[in-house]
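Here come two complexes built around chain A, the first alongside chain B, the second alongside chain C.
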Partner chain A sequence: MSFDILLQSLEVLFKPLPLLYIFGGTVLGVVFGALPGVNASMAIILCITFTYSMDPLIAIAFLCTVYCASITGGGITAILFRIPGTPASAATVLDGYPIAERGEPGKALGISLFSSAVGGIISTICMYCLTVPLMKVALKFGSAEQFAMAFFGLSIMAFMENGSEGKIKTFISGFIGLWIATIGIDGLTSVSRFTLGTKFLINGVGTIPVMVGIFAVSQVIKEMTKKTDRSQYSDKKLTKLIGFREMWAMKWTLLRSSIIGTLVGIVPGAGASIASFLGYTAEMKISKNKEQFGHGAPEGVCASETANNAATGGAMVPLLSLGIPGGAAAAMIMTALSIHGVTMGPLLIQKSPEYVSTVFLSMTIANIAMVFVAIFVAKGFARILRMPYSILGVVIFLLSAIGSYASTKNLNEIYIMVVFGIFGYFFNKYKFNHAALVLGLVLGETCEKNLTRALKLAKNNVGAIVTRPITAAFLLLILAMFLWPAVKKLIHHLRDRKAA
Partner chain B sequence: MKRILREYSPLVALLGLYFFGISKLMHKKSYDPLGVYKFPLFLGIIASVLTIALIVQACRHRKEKPEESVNWSTFFRMLGVVALSAAYLLLLRQIGYVLLTPIYIAGMLLVLGKRDWKRILLLSVIATIVLYVPFRYLFKVLFPKGVLTFLG
Partner chain C sequence: MGELIFEGILLLFFILMFINGLDIEIYNKQTMARYWPEAVLAIIIGLLIISAVQKYRKLNKAEKTKRSFIEFCKDKNTLKVLLAFLLLIAYAVLITYTGFLPASWLIGCCYAWLLGEKRWLRSIWINLAIVLVLFLIFHSGLGILMPRGQGIFKTFGLFMERIL
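Moving on, here comes the complex of A and B:
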């Protein structure tokens, strides 16, 4: 992209009104994202009405801002109340909530916000500079590659718990999640599965009510059955954000997760939820403090939030260059712009490259503005934790119920949420793994659908699938991850013997 | 042994339900290579093997923990919370969100030990408004109207 086009976009955006729209979009996005049940695509739909009178360039800038900010906002309730508003924030709950539980919600929120901003900016730079080459990579991702990528995400289960009993329980939890993902009408064959002959389950079990039930409602039940000490929330640390030094120590986590998030984001259909789990998996594997993951590791929050926000920049690559929306939110942006007569695709880049530079600039400004906006929002939200749990618990339960209901406007979703809340309570009590269940649920459909498609395309030849370069690379990586501890042990053993 | 039975029998029952579901699927024709049941069947077999391994392991290292004494006040409080929540969910469609939610919040606060009536009343009304207004008017979420049909 030439510098002139960038200047042209700068001229369009650096005026009071467009800047006000970007700032307003950031505020709306963060607040919408923080509300359970309001995901990025819903936030964009709600904001489309504001764009009718806007210039198309400003409209795309405004919607991209809402998109970025709503993904970031999702992390706020995930950290504070254990309510992942969207599947993209599910990985954030795993370490964000334990940090908040220690009485440091400000720290967890600070990590989440700064990581989101950095992830968003790095992915936007990648998007601007590498749209065309990145698109070539994305086009190589067929069903087999997407299956391998989802399978790689699932492999995190092997490292979630230590000890054989913990590991077995984690795997069982994951398989239960994968099973839940198969309930309802199968997308490829239209056959209903595990619906017990009722209409109630025909559309399957929604990810949001299950997640909200498993994480939030089970926690409400747990907190209400025991006398909790909430003195940790009265201290000054409550709203204290993370320091620069601590954040700087996570620079490599930020970089790695940004790259992972951007790459996953450009794959149509993958999206922020897979990105956040992959970022988390990679970090968990690489980190020196593996045992802290799941118990409040700052790197865990940093990895998942960086990756899910980096996916937003990545998702714009197929949208701008091919006119293929990477996910529901990108599809909404595409629809909104079609109202203005703008058609996304290769012709847009050739004839109106200013759209790419406007998206780049608006997302960069939004990611910077987001830090300041979200600090205020997060500090306000963090103070809520000072409330006695008898009040907070009831509000969390009602907010969870509305969140589950709002996504489909169906009361059945609330019943599903409650069932999974009770299930989650006992699941936790008997030390099964919540996170593995959600991981299976989020990645289950992608895994099965793409495996079936890949097998069909390869005429049932498994060899043809596993020998595709990207698939083989993912599978070898999984194999290496599993074998590395044994190999490491063997090397140490041989060294010890030699030394002896 | 009691602990093992208590902890793992729901899991075994869940697996039983699962295989019952799979057996129903096996008769359905499908043209895709995996079939509608093979993927779940594969999951089920692995989960069963893992469950057996878990039970065997638990039997081998069994340590009966002393039974936890039941705290009756907590138990009755929980019973109240569950009963109120169940009633709330069952009556939501008939009575409506706006009318039932403040009653539910007030009931929950009472069950959870709050006794200051003014505070209970204020909290239940404010919480209902705070939860209702943004979702209804900003996000256009249609809540169950119940008896207050004029709410639109």
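Moving on, here comes the complex of A and C:
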């Protein structure tokens, strides 16, 4: 992209009104994202009305801002209330909530918001500079590659717990998640599975009610029997955000997760949830504090939040260059712009390159503005934890119910939430791994759908699938991850023998 | 003991699901729609059996007796949890008939009591305020149509939608 076009977009955006729209979009996005049940696509739908009177360039800037900010806002309830507003924030719950439980919600929120901003900025820079070459990579991602990528995400299960009992429970949880993802009508063959002859389960089991039931509702029930010590929520640490030094210590986590998020984001259909889990997986494998993951590791929050926000910039690559929306939210932006007569696709980059630079600029400004907006939002939200749990618990329960219902406006989702709330209570009580269950649930459909497609395309020749370069690379990476502990042990053993 | 019972229930459920899965139609020779979930279920069943056997071996004699089960049932916390489950189910049923506002207010009051709020009058007002604020945010603010209920409750729901 030439510098002149960037200047042209700067002229459009750096005026009071467009800047006000971007700032307003950031506030709206963070607040909508923080409300359970209001995901990024819904936040965009709610904001489309504002764009009718806008110039198309400002409209795309405003909607991209809302998109970025809503993904970030999703982490707020995940950290404070254990309610992952979107599947993209599910990995944030795993370490964010334990940090908040320790009485440092401000710190967790600070990590989440700052990481989101950095992830967003890095991915938008990648998007601006590398849209065309990145698109070539994205086009190489067929079903086999997407299966391998999802399978790589699932492989994290093997490293979540130590000890045979913990590992067995983790695998049971993960496979239960995979099974839940198969309930309902199969997308490829239209065959109904495990619906027990009722219409109730025909649409399958939604991710949101399952997550809300397992994480939030079960936590409220747990509080009835075993009250958490809430005295730590009254001191100054509550609203204290993370310091620069602590954040700087996570610089490599930020960089790694940003790259992972951007790359996953450009793959059509992958999206922020897979990016977030992959970022988390990679960090867990690399980190020196592996045992802290799942118990309040700052790197865990940083990795998942950086990756899920980096995916937003990545998702813009197929949208702008090919007219293929990477996910539901990108599809909403595409629809909104078609109202303004703007058609996304290869011709857009050739004829109106200013759209790419406007998206780049607006997302960069939004990510910077988000840090300031979010600091106030985070401090305000962190204070909510000072409420007595008899009030907070009711608020969490009702937000969970609304969140489940609002995702499809169907009462069935509340029934599903109730079932998983009860199931989740025992699941947590007997120390099954809820993170593995969500992982299986989120990646299950991608895994099955793409494996089926890949097998069909390869005429059931497994060899043809595993020998594709990207697929083989992913599978080798998984193999290396599994073999590395044994190899490490062997090296140590040989060294000890040599020394002896 | 409780863990073993939970795993036993899970095992039974997944065996039933496995049997149910054998009836999944194979459409146009596409076997994955049946065999993928069946393979997943087979793994779950296998792992659950291993886990249950391990757990049973670890149980000491005292835990295997009937007495520990009765003590578990008589525990105050168990009754609280059972009540919470019943209220959850009641909420799911009530919201269909009474709509969002009455069902949420009622469950809010009950849950507040279970969570330790003993001042009834205060609880009633606070929960009414919570439900109304949430209704305002999601219905009036975001345009999400909340469940209205049936009969007289539907009329009430429509009335509230008009005034809020």
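The rule is short, and it goes like this: the second predicted complex is superposed on the first by the 500 of 500 C-alpha atoms of A that agree within 3 Å, B and C clash if a C-alpha of one lies under 4 Å from a C-alpha of the other, contacts with A are read in each partner's own complex, and residues count from 1 in each chain.
Operating definition for what follows: a residue touches a chain if its C-beta (ideal position, glycine included) is under 8 Å from a C-beta of that chain, and two chains touch if they have at least 3 such contacts.
The structure displayed is predicted, hence computed values, not measured ones.
Student: Give one word, clash or fit, describing how chain B and chain C relate on chain A after superposing.
Tutor: Once chain A is superposed (C-alpha atoms), there is a clash between chain B and chain C.
Student: Scan A:S53 for contacts with chain B and chain C and give back first, second, both or neither.
Tutor: In the superposition, A:S53 touches no partner, neither chain B nor chain C.
Student: Going by the contact rule set out at the top, does A:Y425 touch chain B (first), chain C (second), both, or neither?
Tutor: second
Student: Does the superposition put A:L178 against chain B (first), chain C (second), both, or neither?
Tutor: Both chain B and chain C are touched by A:L178.
Student: Thinking of the overlay built on chain A, is A:Q350 touched by chain B (first), by chain C (second), by both, or by neither?
Tutor: neither
Student: First (chain B), second (chain C), both or neither: which does A:T198 touch?
Tutor: After superposition on chain A, A:T198 lies in contact with neither partner.
Student: Could you tell me if A:E223 is touching chain B, chain C, both of them or neither one (first, second, both, neither)?
Tutor: second
Student: Quick check on the output: what are the common chain A residues between the chain B footprint and the chain C footprint?
Tutor: 35, 38, 46, 164-165, 168-169, 171-172, 175-176, 178-179, 182, 186, 188-189, 191, 193-194, 196, 221, 224-226, 390-391, 393-395, 397-399, 402, 405-406, 409, 411, 414-415, 418, 426, 430, 448, 451-452, 455-456
Student: Going by the contact rule at the top, pick out the chain B residues touching chain A in the complex.
Tutor: On the chain B side, the touching residues are 7, 10-11, 14, 18, 21, 25, 28, 30-34, 36-37, 39-40, 43-44, 46-47, 50-51, 53-54, 57-58, 74, 77-78, 81, 85, 89, 92-93, 101, 104-105, 108-109, 112-114, 123, 127, 131, 134-135, 138-139, 141-144.
Student: Which stretch or stretches of chain A touch chain B in the complex?
Tutor: By the definition above, chain A touches chain B via 35, 38, 42, 46, 164-165, 168-169, 171-172, 175-176, 178-179, 182, 186, 188-189, 191, 193-194, 196, 221, 224-226, 390-391, 393-395, 397-399, 402, 405-406, 409, 411, 414-415, 418, 426, 430, 448, 451-452, 455-456, 460.
Student: For chain C, which residues count as touching chain A in their complex?
Tutor: It is residues 2-3, 6-7, 10, 14, 17, 20-21, 24-28, 30, 32-34, 36-37, 40-41, 43-44, 47-48, 50-51, 54, 77, 80-81, 84-85, 88-89, 91-92, 95-96, 104, 107-108, 111-117, 123, 126-127, 130-131, 134, 137-138, 142-147 of chain C that touch chain A.
Student: Could you list, by residue number, the parts of chain A that touch chain C in their complex?
Tutor: Spelled out, the residues of chain A in touch with chain C are 32, 35, 37-38, 46, 164-165, 168-169, 171-172, 175-176, 178-179, 182, 186, 188-191, 193-194, 196, 217, 220-221, 223-227, 388-391, 393-395, 397-399, 401-402, 405-406, 409, 411, 414-415, 418, 421-422, 425-426, 429-430, 448, 451-452, 455-456.
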